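One chain, chain A, appears in both complexes that follow, with chain B as partner in the first and chain C in the second.
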Partner chain A sequence: MALAQFEVQTVPAWKTLLIKSTRGAALIVGIYLILYAFYAYQQPRALSASSFASLMNNTAPLALAAAGQALVVISRGFDLSVAGVISICNVTLAVYPLEGPGGALMSALLCMAIGLTVGAVNGVLVAVLRLQSIAATLATMIICQGIALVILKAPGGSVANWIADEMTGRLAGVIPVSGLVVALVIGTWLLLRRSNFGLSLYAIGADEHSAALSGINTRRVRFLTFVIAGAIYGLAGFMLSAQTATGNPTAGTPLLMLSFAAVALGGTSLSGGKGGLFAAVMGAAVLMLLQKVLFSFGISSFYTGMFQGVALICAVVFSGLLTRLGEVK
Partner chain B sequence: MTQTPEPTPFTQAGDTRTSAKISRDTISAVSVAVLCVLLLLSARLVSPALGSWTQVETVLVLGFFLVVLSYGQGLVILSGGLDLSLPATITLGGILATSWVGANDPNAWYLLPVVLMICGLVGLMSGIGVVWLKVPPFIMTMAMSIIVASALLGYTNGTPRGAAPTAAVALMKTELLGLPTPVIVLVAFVAMGWLFQSRSIYGRYLYAIGTNLDAARIAGVPVTMMQILPYVISAMCAGFVGIALVGYSSGATLRMGDDYLLPSIAAVVIGGSSILGGRGTNLGTVGGAILLTTLGTIISALGMEFGLRTVIEGSIVLFALLLLREELFQKLRNLWR
Partner chain C sequence: MLGARHDAARAVGEAHSVALLAEGLRKAYGATVALEHADISLAAGKVHALLGENGAGKSTLVRILTGAVRPDAGTLELNGSYYAPQTLIEARSYGVATAFQELSLVPNLTVAQNLLLPDMPRGPLGLVSFRRVLEMGSDILARHGLQRIDPATQVALLPLAERQRIEIVRAMENASSLLILDEPTAALAETDWLFDRIRMMTARNVAVLYISHRLAEVREICSDATVLRNGRSIASVGLAEASDDDIFEMMVGRRVDHTARNRAASRLSDAAPRLSVKGLSGHGLKDISFELRPGEVLGIAALEGQGQRGLFRMLAGLTVPERGAVQIDGLPTTLSSPRQALRAASGIAYLPEERKTEGILAGLTAATNVVLPVLPGAAYAAMITPQAELRAAGPSATKVDMSPRYLDFAIGDLSGGNQQKALVARTLATGAKTLLLFDPTRGVDVGTKQSIYAAIRAFAEQGGSVIFYSSELPEVVQLADRCLALYDGRVFQAFEGDAIAEQALVAAIHGHAGGHH
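Let's turn to the complex of A and B:
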């Protein structure tokens, strides 16, 4: 009887198809491809390696910021310190430029260390002292912005030439270096996702209490989440500096809201336990590509924000509808 | 007999009786007020020009913006949301007041309220998105902020024009009964805000919604209306701040609201509200806003650079958060008894 009842309630084929085809990052990748097709149609040059590389360079900082943010959001937290970390990294690289490949490596490590430190502070505040993540990271972000302003008062300075040239260049004339950095982070995440840490991350995001009862050390996982996210923000700051080649104490501020927008566009639920880094990166890519597409249609860059905002609301509403559709089964 | 309620779960979940609640809110409000006074008095040791009555007036005039703004933010946070669209709405108010109304428009007496209503419309849209489209408040207000900011960029073509309306200048730069007008308006505003939040049925509704939405719905609170209302009020407050800001600085810029978002949240948090909603008083928020402003004026009077000032502000927010932790209050209460 129960089986028969179950059969009656099966979802129509189109619904299953819709749910399957939009699961995970598929939806956002699809949107990206459609947008790119529009872009290529308007500007045939878009398919060349150089314009793809420049698009990648524009996307990389936001993509990395969104990747770190996604980690924290999956664990059901918010991390506002992303803007502060990126600003500190940017001014540090502009005030203390280190030339050559060795210098670049040192700079990258330095940025990640800055991110790790801020992340560790966030981790202690949220995981150990049990502050609300949004309030605690608000405080650390204000402090970080202040530190960035202490290091560099006004926009200026210049990032080492090697970083600015090589990190925005192309490997073998085809593969954009910035894309590789993002791919590296995504690759690490894919390895990490099925590990104990990755699974605990989702478990905590879905229901911290149950996660703790089933033996997960929630404090440690939460702490690690903020630390790893901080390191990724550091990389984002590094890539942003490579792209802008100059220092600005408020460089990270525009990325704060956009990083959340990218995470939400990627279908990661802000109430935690769902989503992924790759989807967030694609969300960032869509936001940046949208700018190019609008520009190619001759719409003033003034109005880019309107489209980004509307796209954000639509994406959240749409993914909410899909979730509800999935639950109806 | 099995229905007899056990008293223990209640004590474990935290004492929510009026006496306990009052003590928590009073502690935070009083400690913020004491901190303010101490700051002003200790500033006197550094420089005799500080800590005078004139400086108190300056702090109140400068604090005007943050107090009004954080009142709206406080209402939204109380109802369980968060308003990130404040910077864009401030700019909207400021730019409409200069570019659209202008300096000597004889119709300003009804145009300025219209500006406020346009700002309220932004809040209405945020509220509707949160309640009906079920978009999380964080995302919805952020999207509205991006949309409004870009619309303003397009409207002004990147360079805002026009001068502040005479009424706005009069609001910020005249004296009334021997006190600066903004101080008097501020006192009236705070009194009205207090009546609304702590003494009216709507304020009670907001506390109920912020504590437990489902319980509030079952208890007969008009949840839809009461969830949208804070966003509208918050947006109108922001619009008012925008108009006042152009009155104070005689011109609008596209980034005039940017520096106010974080302090508005910080003031609410310092004032002892829970960022999750359902807890906090507007007097605490007012205290938080005044404290932040006092600190800002003292630090800039000391000639400290802006970066250090920001670091100190952030540390104070952190300090307040750590002080206001739930366990600490539990311990204090246990010591008391």
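Let's turn to the complex of A and C:
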């Protein structure tokens, strides 16, 4: 092709590399690997299949919550309803346990349907009625938490045994099922990303006005974004229930702020148009692994929040520095 | 140029079918009528210019034609059949596409993706095929002689001129019956490429609507023109028959009345300059020098985006100049913040452009808004009481003819005119001897305008100096002792005293020398 010879400006290779490392998930994956090395050094058992699976089980709910959140953040929005959806799913599974593999499938679909419904409400409020996403989803979050309390007044109930056992188990003794669920979501995202919807998502996140003038149906894209995100939160609620095996009407609340932290840690700009789902999932993984590492160093869990916050600041500052280095002309 | 005129004249003679016919288009946003009554007729295969001053309704007309807004009244016909696009995509399906003035490219997508939005070519699995996107993108670029642009580059990384070219190419790819180019040369240094492309489009019998404030360019490529003024289409003329003066007169609308008015410049020209600007550059401004004397009102006339915003923001201390020096009362000064500008020597007070976002504090009373810069002066034993604010705000409010009873209302509840009066009163209350007024009468009624003019004149007669920019030329003519016409970031022409006439200014701000000099 003729175009290669006509390059206007040549960017030095190291700069391209820098830009790429800040765009993709390379940075956060690197941090994860380093952290895992620390963990394995401290706790040689960390390399065993069972402890990896238990780490995965701990990570999956937050990873899925962060994945859904990342979708909304890329489109330049915020979704607080994640906490409400997870809570409703959790109490529903604890109050109406459905046994057996068929029951598990039904439960998973039920959770996703709950998420879809809440997401559709968010979508109407934000895309059609043009409310600010943070205000609209704050309202739906409060409503969902109210619904969760109506379904289950106090912590209790018990999730179906099949779900609690199998979804936290290992396939062929090696592959953690929770990891497969997360991988499934990432895989779907990789397909979605290569669709008109995927491109439009990044476009409206960067510049909604230009996107509209370019012929993108911004309303439809925004609506779909909330709906898909809601379905992923539903899966997060499902996986959380499998892990805790019990119901709690405020189960989703701790994941709310951490989902934003994971998204930011993964390098997804909170101002939209940049980042990805995989990076957000890795951000969640780093946050959870950090807990384990701190624990293995014998640091009291009271300090976990402090360390997570500091890690978040460091990661954002560091990725900002890298970006600036890469983009300086 | 002569040859081009000849071509245009010949084109008029040929029979061309009507591609687009618009009659009685009207669009109002609330109480503001953006377009009152516009008729326009575009012939297939010809380039038609749309001319008019800022705010004449050009953009609204474009938005209607391209399906971005729907008219309140009026009819559109495209190639003889009813045309009422509800969306941009629908307009595109009729072969109507626009290269927007503000550029509508999505910055974080690649050139190729932008060219193909919103529907990407797909591979066998129904997924977007990046390879085919790149291929199709580079085909399009090659078709338009832009092989030098890599279709895989992110748009945000391209220089502005290339982005403008891509915007134009995208519109051309989608326009099979009508192509609208809104200020297509704003970022282009030369027109050869663009005119080549336009001729290719007209050869395919596409009608082209060309909007530009550069008349020389319009004459070169367009055969006919429609002039809009105050939301009405005034006339459609063959460009070969209309002189520049005719066109400027149609745009301005009337002969300028030279009412007697005593201008202060000659009286005070010996006084030492209060403000002296040398070689100021940056933020769209290129090497501007001027002096401002006590008692003088200096008008800045310019089209949108010729550097006037940068000039005011730099003098107000909001942005930092790249080069150049500013002296106030003969002392070299670095203006680093509005607060510092206010305190530098005899002081510079700034009336910002955006009343709603940069000017008023909507929840506070008008009195508080007026005395804000001088709060310590209104304080009694370091306590500021509403009564003290009212007392301090009173004199300034009187100067702008603002009724004192409005002073204890929340400013957000007042009319736009009274808000603006309060803001002018605020700049007067600062006690600064130099006022920077950016479009001081934008969007206010005639009565308020007169009050603000009177306040400015009174301020100047007491030895104050004023620099103001106005988007309305009659205002410059009425108010200024001296006037600088900015064009492309430079002082294109300076006018003094009675030489400040509307038609000469129109020519100068469009970059045409030799008005009445």
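Annotations for the structure displayed:
Basically, the second predicted complex is superposed on the first by the 306 of 329 C-alpha atoms of A that agree within 3 Å, B and C clash if a C-alpha of one lies under 4 Å from a C-alpha of the other, contacts with A are read in each partner's own complex, and residues count from 1 in each chain.
Methods note: contacts are C-beta pairs under 8 Å (C-beta built on N, C-alpha and C of every residue); 3 or more make two chains touch, one makes a residue touch a chain.
Keep in mind the model is a prediction, meaning the values are calculated, not measured.
Between chain B and chain C, B contacts the larger number of chain A residues. In the superposition on chain A, contact is made by A:A139 with chain B only, not with chain C.
Look at A:L35: by the touch rule set out above, it reaches neither chain B nor chain C.
Shared-chain residue A:A26: touches no atom of chain B or chain C.
By the touch criterion stated above, A:M106 is placed in contact with neither chain B nor chain C. Contact with neither chain B nor chain C is seen for A:V95 once the two complexes are overlaid on the shared chain.
Contacts of A:I175 after superposition: neither chain B nor chain C is touched. Shared contact residues on chain A (touching chain B in one structure, chain C in the other): none found. Only residues 1-4, 6-8, 191, 194-196, 198-200, 202-203, 205-207, 209-217, 273-274 of chain A touch chain C when the two sit together in their complex.
For chain A in complex with chain B, the touching residues are 78, 125, 129-132, 134-136, 138-151, 153, 249, 253, 257, 260-261, 264, 270-271, 300, 302-306, 308-310, 312-313, 316-317, 320.
Those residues of chain B that touch chain A in the complex are listed here as 82, 84, 129, 133-136, 138-140, 142-147, 149-151, 153-154, 157-158, 258, 262, 265-266, 269, 274-276, 305-315, 317-318, 321-322, 325, 327. Interface residues of chain C, counted against chain A in their complex, comprise 68, 88-89, 92, 100, 103-109, 113-114, 117-120, 126-128, 130, 138, 141-142, 147-151, 162, 170.
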